[in-house]
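In the two complexes that follow, chain A is the common piece, with chain B as its partner first and chain C second.
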Partner chain A sequence: MSDQNVPLSRRQILRDGLWTASLTACGAAGAALAALSRRDSYVWQINPHKCIGCDRCATHCVLSESAVKCVHAYSMCGYCDLCTGYFDPDPKSLDTGAENQLCPTGAIRRRFIEEPYFEFTIDEKLCIGCAKCVVGCSAFGNGSLFLQIRHDRCLNCNECAIARVCPSQAFVRVPSRQPYLMKDQI
Partner chain B sequence: MKKSAAKTLIVLIILFWTGLAGGVRRLPPPQFETDYQIPTATEPPPRMSVWDPADVAVLFGALLLSSWLTLKKRSRRWIVGLMIFSLAYFGFWRKGCICPIGAVGNVSLSLFDPSYALPAAATAFFLLPLLAGLFFGRAFCGAVCPLGAIQDLVVLHPLMVPGWMETALRLGAWLYLALSVLYAATGSGLLICRYDPFIAFFRLSPNSLLWLLGLLFLAVGVFIGRPYCRFVCPYGLLLRQAGRLSRRHVTITPDECIHCRLCEDVCPFGAIDKPTAHWPAEIFARDRRRMIFLFVLLPVLVAVGGWIGYRVHPALAQGNPTVALARQVQEMESGRMTELTDPIKAFHTTGTSVGALYAQRDQVLQKFAVGGTLVGAFVALIAAGKLIAVSIHRVRTDYQANRAGCLSCGRCFAYCPRQRIADKPESAGNRGSEKESAV
Partner chain C sequence: MKDRFGKINNGSAAVLLAIGAFAAGFTGYVLLDRANHSGKRAGADYRYPIEELAKIDPAKILYRQVGTAIETGMESAAAIEADWAGNFYVAGDRAVAVFSGDGSKRRDIPLVSEPTAIGVGEDGLIYAGLSDRIEVYSSDGQQVSAWAPIHTALLTAIAAGKTDVFAADALHKIVRRFDKQGNPLGLIGAKDPDRNIEGIVVPSPYFDLLIAPDGLLRVVNPGRHRIEAYTFDGYLEWHWGRPSVGLEGFSGCCNPIALAALPKGGYVTCEKGLVRVKVYDEEGNLVGVVAGPDQLGWQEPLRVCEKPEDCISRGLDAAVDGQGRIYVLDQSKNVVRIFEKK
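Our next item is the complex of A and B:
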């Protein structure tokens, strides 16, 4: 290339200058961003204290079965027999028949512990994140049922489709080291 | 019997609740007599962070491979192979996140929002294709970008878009880039990710509007090659500039152009520049006059653009959640809206005062006023630059890949007779076995 001794044109000098400047800019930007950035990425999570339990989590996730599920903070639970997150507010009879349950998919499992306490567990395979139980529990109970993004399912979209429609702006980015905002811990 | 018992209990609960005056715990913690241990909720770890380093490594490798395939190996077949791999890996396997196009939003967000730290993977995804662009041209667009790949595979009956129209339509992409930066900078959302047309395919998402958008782009893409890449993609604009400056660049011919015109209209993206006529000397004098006029006009255009941007900033700001909420609350307060919406319900539970919300909104509006003006001025500046660029007569002697527009897809290689000779020197001229390369 150099043996032909081509005279440098004005355009070539301009190009070379711009190229060097761009490369330097890329390097500088890389260094600056690397200094700013953290190794662990961010993930989305719901702040349960802001959540009002609308049912958008069930319908707006990019996954056809939402990544948002109900989570139970057992340490907050009253272990009530008459759980307002479990029973329909106006039950036909007070037994555990499906028609008396609040959960449309029967995802809440009820287990007798001792008189008069019952343990309630979420079957995540069945939970659709509709927040009916969340609303029921926080209306009369301790609010130990709450929604969380389950990270074994979440695709961690750059812009969460539910966050965009969340009426309470409860979706926040949290470091992936601590990907949950458990209601009994915050 | 049981029903009335339940109601009594609920009444008791309510009484208890009011007694606690809204305390967090309305029901006492149970005193277990058996040895029951209170369980804790499981916390499955994020599965994505594991993949971040792998993604960066795959991106780096794919960029190098794509560069090598376009510059050295010069094989459309291998490029298509890499394209399909990228579509499968970055698209369907990694569900389209993270990608350099969307990383534009993350980078803008991290520059303006100190509480958001850019993940290292996003930094790498944003910078690596640009660096590759500075050295090898748009190797990313050619065979690495999943959005490009899915469109490249449906280019069946490409129609030529006139150069002036291509330039004019690209102004829309500049506007999109500027708006995306504005939205990310004001914390209003990541537009590029929100309206990624193929994300619904990659995730098999139930969002029917996004499916429609994707299908629309693919349907248009049958006739107009890679419409998203050419007329929408904001990151492509950055790569265009890198391609202009690139050290090495795709060439149509492996050695010399023999002006056979065989490649003239094979590029479905209109990225092959034809040799120019011999311009008469007076045309350059006219160019000069026109350029001086345009340079005088430039500040006027920029001012007009800025003014328009300022005028539309309240409308733009409606995309910001705080501004949208404040508007709803204001309508509620003034009695124009009576229905209690979810956002207002949620706002009331936060306990923030209406005044504080309005103050927040005014802050956001101020940002949008500045940002909107800048967006308008910037787009006008680009428009003026385009006018100046088209008013200059360039001199070209050979058929060349346009440095900015070439997407490194490798379609033109097989059309060059010099390539045929280079492939098989002994039997040049009587081979027709590369039909698959012509797809």
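Our next item is the complex of A and C:
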């Protein structure tokens, strides 16, 4: 009890202050270092303008279900009734019948918006990254469907098994702070 | 393994050697090829059969190319038109280039901005569409008039008649009608249930039209894969065309992208994606093929592009002269190919 009444000397205040400042500086330096190392890390991604939709992304990923999935740039989409990324080249009818669909796993959803426009979304759980829809969309449509490596799945292998076999060298290392190469933004 | 004298049996040694070689080969394959899988591909169900679709029966190709492709000298050729005398006009690179039928350039008519459409009237006047406005030039390149700009428009085709000029506006998906002085007279093709007009669908900026010899407009409705016939007052008379990757129909999401009329009746259509130029009769029945992917130097739909703009798919435009020669502008290669009947 009596210690509490002992007044602090200026020297003690100065010493404690210096300790606090030093610790804060150490913490800030650590955080800055962590941020710097995070900023300088790189991840794999597919340049959609180099991708030729060869289907190797579906077969060469070390994961049994590829980390590569189809994504959709809605700003590029024509919202076509006859979507060539969704429908078989010669569909029997323009409806959601399985026999009319192009995707071998049925991973694309078609939703009516207003006559004559339809919206197409990717069910990522079903997509295997075979790029069949990417070829159909790019060949006949606006090319709004394209492949990207999903970083919630990618193991970021030092030597990516798909990058090794990619015939168009579309696999590139990108900064982890900008991990996606969206087709409508590059 | 060893015989009773302690020597190694030759047969046993050979078996051991074979097993060793097999093990080495197997290990090598597993270790080396596991990271490569060079032969491993998805099955046919996972590939788009575009090469198969591109094949055309040679017997159905009724035209042949005259000479070699003519270089326009442009970096961004947008549209082509031909007159009855056999001259053809290419719009692009802030100019209209006038060529004679043999491919020699006669003159350049400079424009203030990038052209998006061109039309040539029977009186020889040249109508250049500059996105949202039209400028009129005489055949010797003198500016006759510059019409007032339209508030937001993307003019992709112009057809000039005796008293009216029609322009296809891909932005608003309508046809704009003007008089010869550029005064707006009306709009054609907008959705109108009372007139049984479903509306024009233009998913990509290709929207063509022409004035047919029967006095009606022919307007391409690419999103519905058909050609629609309208009166000048905007009444839809009939239409023809259907979607199909087969030769009879129009492939892809939105085709045809260009239309031209033959002097003896019938129409020339151009398709993008699976590039095809075909001839139909006046009722819309397929007559034959002018050129297919092989004749047009078609490349794979997906290719490696160093710059995003290299990947922008560009199409074809077509024009026909008085002798029935078909001029096909390849917008990606900036060349003109001339086809005549075999």
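Remarks
Everything below uses one rule, namely that the second predicted complex is superposed on the first by the 146 of 186 C-alpha atoms of A that agree within 3 Å, B and C clash if a C-alpha of one lies under 4 Å from a C-alpha of the other, contacts with A are read in each partner's own complex, and residues count from 1 in each chain.
Here is the rule we go by: a contact is a pair of C-beta atoms (placed from the backbone, for glycine too) under 8 Å apart; a residue touches a chain by one contact, two chains touch by 3 or more.
No experiment lies behind these values; they were computed from the predicted model shown.
In the superposed model, A:159 makes contact with both chain B and chain C. In the superposed model, A:151 makes contact with chain B only, not with chain C. Once the two complexes are laid over each other on the shared chain, residue contacts for A:22 go to chain B alone; chain C is not touched. In the superposition on chain A, A:186 makes contact with chain C only, not with chain B.
When the two structures are aligned on the shared chain, A:58 is found in touch with chain C, with no touch to chain B.
In the superposed model, A:104 makes contact with chain C only, not with chain B.
In the overlay built on the shared chain, the residue A:141 is in contact with chain B and with chain C.
Ranked by how many residues of chain A each touches, chain B and chain C are led by B.
Judged by the document's definition of touching, chain A residues 50, 52, 78-82, 84, 89, 140-143, 159, 161, 164, 168-170 lie at the interface with chain B and also at the interface with chain C. Every residue of chain B that touches chain A in the complex is listed here, in rising order: 2-3, 5-6, 9-10, 13-14, 17, 24-30, 32-34, 36, 38-41, 43-49, 52, 95, 97-98, 102, 105-107, 110, 116-123, 126-127, 130-131, 134, 189-190, 193-194, 199-200, 203-207, 241-242, 244-247, 321, 325, 341-343, 345-347, 349-350. The part of chain A that touches chain B in the complex is made up of residues 15, 18-19, 22-23, 26, 29-30, 33-34, 36-43, 50, 52, 54, 62-64, 71-76, 78-82, 84, 87, 89, 91, 93-95, 113-114, 117, 119, 140-143, 150-152, 154-159, 161, 164, 167-170, 173, 176, 179-180, 182. By the touch criterion stated above, chain C contacts chain A in their complex at residues 35-38, 40-42, 45-50, 53, 198-199, 201, 203-204, 223-225, 243-246, 251-255, 272-274, 300-308, 310-311, 313. Per the touch definition, chain A reaches chain C in the complex via residues 49-53, 55-56, 58-60, 78-84, 89-90, 102, 104, 115-116, 128, 130, 132, 134-136, 138-143, 159, 161, 164-165, 168-170, 183, 186.
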